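Notes follow the structure.
The letters A, B and C name the chains in turn, as written, and every chain counts its residues from 1.
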Amino acid sequence: MARRREFRILGMTPGEIVKGFFSSDVGKVATAFFLVMVVISIYALVTLPPNFGKVWNNPDYWRLNPPYALPSWVNAFIGNVYAPQVIINNHNYVFSSSYSGDTEYITVYFTVDYHYKKPWNEIYVILNNPVVYTSQPPIMEITITRPDNSKITIGPLPLRSKVVSIGTTTQAVSQLSQFYQEYYQAGNLITGTSSVTPYIFYNVTNGKAMPLIGTYKFQITIYVFSSNTSSAVTSNELEFVFQGNAYGLMGTDFEGRDLWLGLLAGFPIDLAVGLLSAIIVVVISVFVGIISAFFGGVTDEFLTRITDFVILLPAFPLLIVFSVLFGWSIWDAVIFLALVSWGASARIIRVMVMQIRTAQYIESAIIAGASRWWILRNHVLPQVIPYTLYLLVTNVPAAILTLSAINFLGLAGSELPTWGNILYYAEEFGALTSGYWWWVIPPGLLIAFVAVVFIITAIALEPVINPRLRYG
Amino acid sequence: MSLSKTLTLRMANLLILLLVVLFMVSYALSGPASKILMQEVQQEARAIVINMMRSGHVNATQVQVIYNNIVNQLSKAYGLDQPPLIRTFYIMYNMLIFNWGYSYFPQEYGIAGGKVVDIIMSAFPGTILLDTFGILLSAFIGIEIGLKSALRYGSQFDRTIMYYAALSNGIPQWWLGIVMLLVFSFYLSVIRSPIQFPTGGILSPNYYAMWLVNPIKVFTIPQAIVDLLWHLTLPLITVLVINIGGWAYFARTVVLNISQEDFVTFAKIKGLPENQVVNRYILRPAAPTILTSIFITLPFIIFGGFLVTEMVFRWWGLGYVYNIAIVQSPTPDMPVVVALTYASTLLYIIIVFLMEILYIILDPRLRER
Amino acid sequence: MSMALLEVRNTRLYYATTKGVVKALDGVSFELNEGETLAVVGETGSGKSTLAKLLVRVWERNVTLVDGEVHLEGREVLHMPEEEFRREIRWRKIAVVPQSSMNALNPVIKIGDQMIEPLLLQGTSKEEALKMAMDALEAVGLPRDTVNRYPHQLSGGMKQRVIIAMSIMAHPRIVILDEPTSALDVITQANIMNLLKKLKWEFKLSYIFITHDLALASELADAVAIMYAGKIVEIGGAEDIYQNPSHPYTQGLVSSVPTLRTDKTLSFIPGEVPSLITPPPGCRFHPRCPFYRDRDYLKGLCDAKEPPNAEIEGKSLRRHLVYCWLYK
């Protein structure tokens, strides 16, 4: 009775491999984390715009965000200390527009709740209508009714560009100083060196400025000149941004860039970088290993010498030197790193193929008349190819760690939001000396996460590769 | 092939490697990079000249002359006026006879005189203290743990160690250093804890100069030793946390493989007690593999992530010097870079060679053919 | 009748593997008398090597079940505390010469040092122990200076002899030999067998000789136990087994051994060794048994219930037992 031919890789059927992999605790954990990683990467690719690299490096895009800002959820742990970023647009305000001659009168009314220890840094007015600035800039007046019913008026303020910050204007400075002088006899509290917006939200007790908690009513009037109904300002072209001290899920860096987006973007980039490097390594090492072991003789000697040499090369210093000298981008670095890292893997493949080649069943195959290529195709490759997966997984962590280190030094392109680059800027801009933990900890954690996922996957694959470790 | 012949062949191999590496770095710094170097030289000259103009002491023509002078001098220094190959061999020759010359930017290192040899020697003890000692300590502790783990295969202890090893291998060492500084240096000082750790450096300023010139003297002063240890704590802990795991995993694998050998089973059948089985039948056969990998790692540490770790802690070692020479200098400090690469590779091949001899001593099977 | 030197009752040993629980030994019972050589014969996978591991209590990590009783000189040793067993029984009373002794020697330690280890543990001085080692080497036909050599300097046969020498040095009551000659050429095999015979007379040893080679076993055996799929299917004195093989499996084995001078139609036992994870129900041999195939009255019996032992008349002192429904 003939037994049905089972398809076996490295001595196990695919079913056994899958079962062996998943039955171990390590396998389950590895698969779970791996899926998480893949899902997040896909999410990043889907939600972020394809030109995110350019966006990331365009300071204007992030201008409205507070720099060095903590994540906004910090408030949940330490109480309402930091004012979050607030955007008031046509969903939150009441808008009305009317015409008198060729002047458009716009009134906007909204309220803002303030219950934090640290007020907003700045208020930005964004008027996104290009026609508006042709002849005379629009004029804006702001009246703020505070919780204690005192009123602050700021303006008239010309809106000379699309985005105007009110806290640094001379009008705001002098008007707020006046207000403080009248109410608190403390006009000298306000200096003009930085934005005076926070003072909108203070009162003065015993000579010290304290936050004034409550609801603030904002009444804003804008006069637009030389306008007609066809180019009238509509409510979706007008927006107010209160720049807070805390922002987003992961805070911001020195340019106010949203670290949540930056870290997210890092997923597909770092993964791509690591995988690419590992793939090149595996391709080269399989190639070299098989040729070396299979053809033997002078070829083997020659290739082995080259392999030994590559292993002993000081990869990291050379990578640094060349990155500096040639101004390499991250992709150049990836390729170079792969070119100097394939040695160890090639040795392993060579040993494997040697063992197969000198095995007795090969001898019998040769006697039976098998050609070299037949042996290669039917005996060598089926054993080597599955091993390459394992080899790939083992090479990825080293690639990611090395390339992150290079980025951290500020080399190999600091434009892309790789985690190494984020850390580079963190170190450059004193995150350590100022304690910006949200800038320092998450990127490294993510590097570690990705590296560890691959390491654990490799460990889970080991019983499949090494029969000695099977069966407990 | 006889023993001595094998060893001679290996030695020849390693020497060729040294020459090739030296060639690569020298050529890179003098050959294809010449255009870029020229640009950087011009940039540097321009920056110096602009500074001088700001100070207002020189007029336009003087500025032009000075600019040309600087460009010429730097070009000569880089050998940009000669064909690349000649430059390369000239550099290599000087390296080999240990004529390492002077650094281009001596002020970055704080060593009087700026001789490359001095700079490297001043950083050498720091590297030994942190990197070498750190790796050795990690290896000893890690191997102990790995051995225990292998002997208790499948237990909770074993699995914890495996997870720890996987985790520690994936964490960037330099990042952990940053986190350590954040927590134990920054936050401790913020909450005004009585015990704080320094933000970096190898010693406090009052002993620093002494260390650079005559480190041995530092060891004679008790307060200086305490200061050194205080500075050493955070970096050393970082190194240990990251590296112990890897060694534990490695030792565990080696021991597990050997435990499955027939002679180990037979030792048990002979009624030998557990500690004898472990010592004579597991550790002794494992010794060559384990010892050689300790030896192999030693030279690599300058080449690897320790470079960045030293930088993070501003620890005055070869890695930090390397970093200054390549990355932080306005243009690459070629004498230092080449000399360091050469010295490290030389050290490496010496250690590899010693290791081959050691292997032969430990494994009788290799002794004769 | 005097008490047997070794009594094994209903021993079981199971392994856990990713494919299931392997019942390597499933209820094995037998006795060994003093000065007797018991040959344990069976195919690969019959459990005979596992028996050796059980008796000396050194087994793999994934063993999940060990039970039964083993009485040595009246003492129960299977459930004795490990440390006590190690100090008093292992290598003192029971020694094992394992399969593939080629690899049983530590490659980085000299032969002599390895040989004297158990003696040093007992308090013998190093000089005396080395002398005993050299005497033992002489007894197995090796030069005395072998003590200074390393294992890789010896041939396979020489290493085998070293292991045998080690086993007799300890003067154990029982020496278990697990396929001691399988990896050797025929001439060396003959030499080793002669050596074993000589040592048996000289040192009054009791052997358990494990092999797959029924013919080889006949050279040494006083008694033979035939094992199949983790159980003993027939056991008795050597004369009885060879002249009156009763179990169908034994009969198959006997008729598959070529004879030199007489004409004999060789036969073989069709089929393969059954899985030890899911062994066949009832008698484990029934799928391959020619009687089961041909006799309908056995259907429903051999494939459902395990056969109890039946005693057969025989010439030797030892009881001849068969585990087969044919005899009930």
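General remarks:
Everything below uses one rule, namely that a contact is a pair of C-beta atoms (placed from the backbone, for glycine too) under 8 Å apart; a residue touches a chain by one contact, two chains touch by 3 or more.
Bear in mind the structure is a predicted one, so any value in this text is a computation, not a measurement.
Ranked by how close its mean Cα position lies to the mean of all protein Cα atoms, the top chain is B. Each chain's centre was taken as the mean of its CA atoms, and the one lying most distant from chain C is A.
Each chain gets a centre from the mean of its Cα atoms; for chain A and chain C, those two points are 66 Å apart. Chain geometry summary: the mean Cα position of chain B and that of chain C are 58 Å apart.
As a whole-number value, the distance joining the C-alpha centres of chain A and chain B reads 30 Å. Residue positions of chain C touching 2 or more other chains, listed in rising order: 61. Shared contact sites, meaning residues of chain A that touch two or more other chains, fall at 472. In chain B, the positions touching at least two other chains are 154.
Within the complex formed with chain B, the chain C residues making contact are 56, 58, 61, 86-87, 90-92, 95-96, 98, 100-101, 103-109, 117-118, 121, 150, 152, 163, 166. Residues 153-154, 261-263, 265-273, 276, 280-281, 284-285, 287, 362-365 of chain B are the ones touching chain C in the complex.
Contacts from chain B toward chain A in the complex involve residues 13-14, 17, 20-21, 24-25, 28-29, 32-33, 36-37, 154, 159, 162, 166-167, 169-172, 174-176, 178-179, 181-182, 186-187, 190, 199, 256-257, 260, 302-305, 307-308, 311-312, 322-323, 326-327, 332, 337, 340-341, 344-345, 348-349, 352. Against chain B, in their complex, chain A makes its touches with residues 25-26, 305, 308-309, 312-318, 320-322, 324-327, 397, 401-402, 404-405, 408-411, 423, 427, 432-433, 435, 437, 440-441, 443-444, 447-452, 454-456, 459, 468-469, 472.
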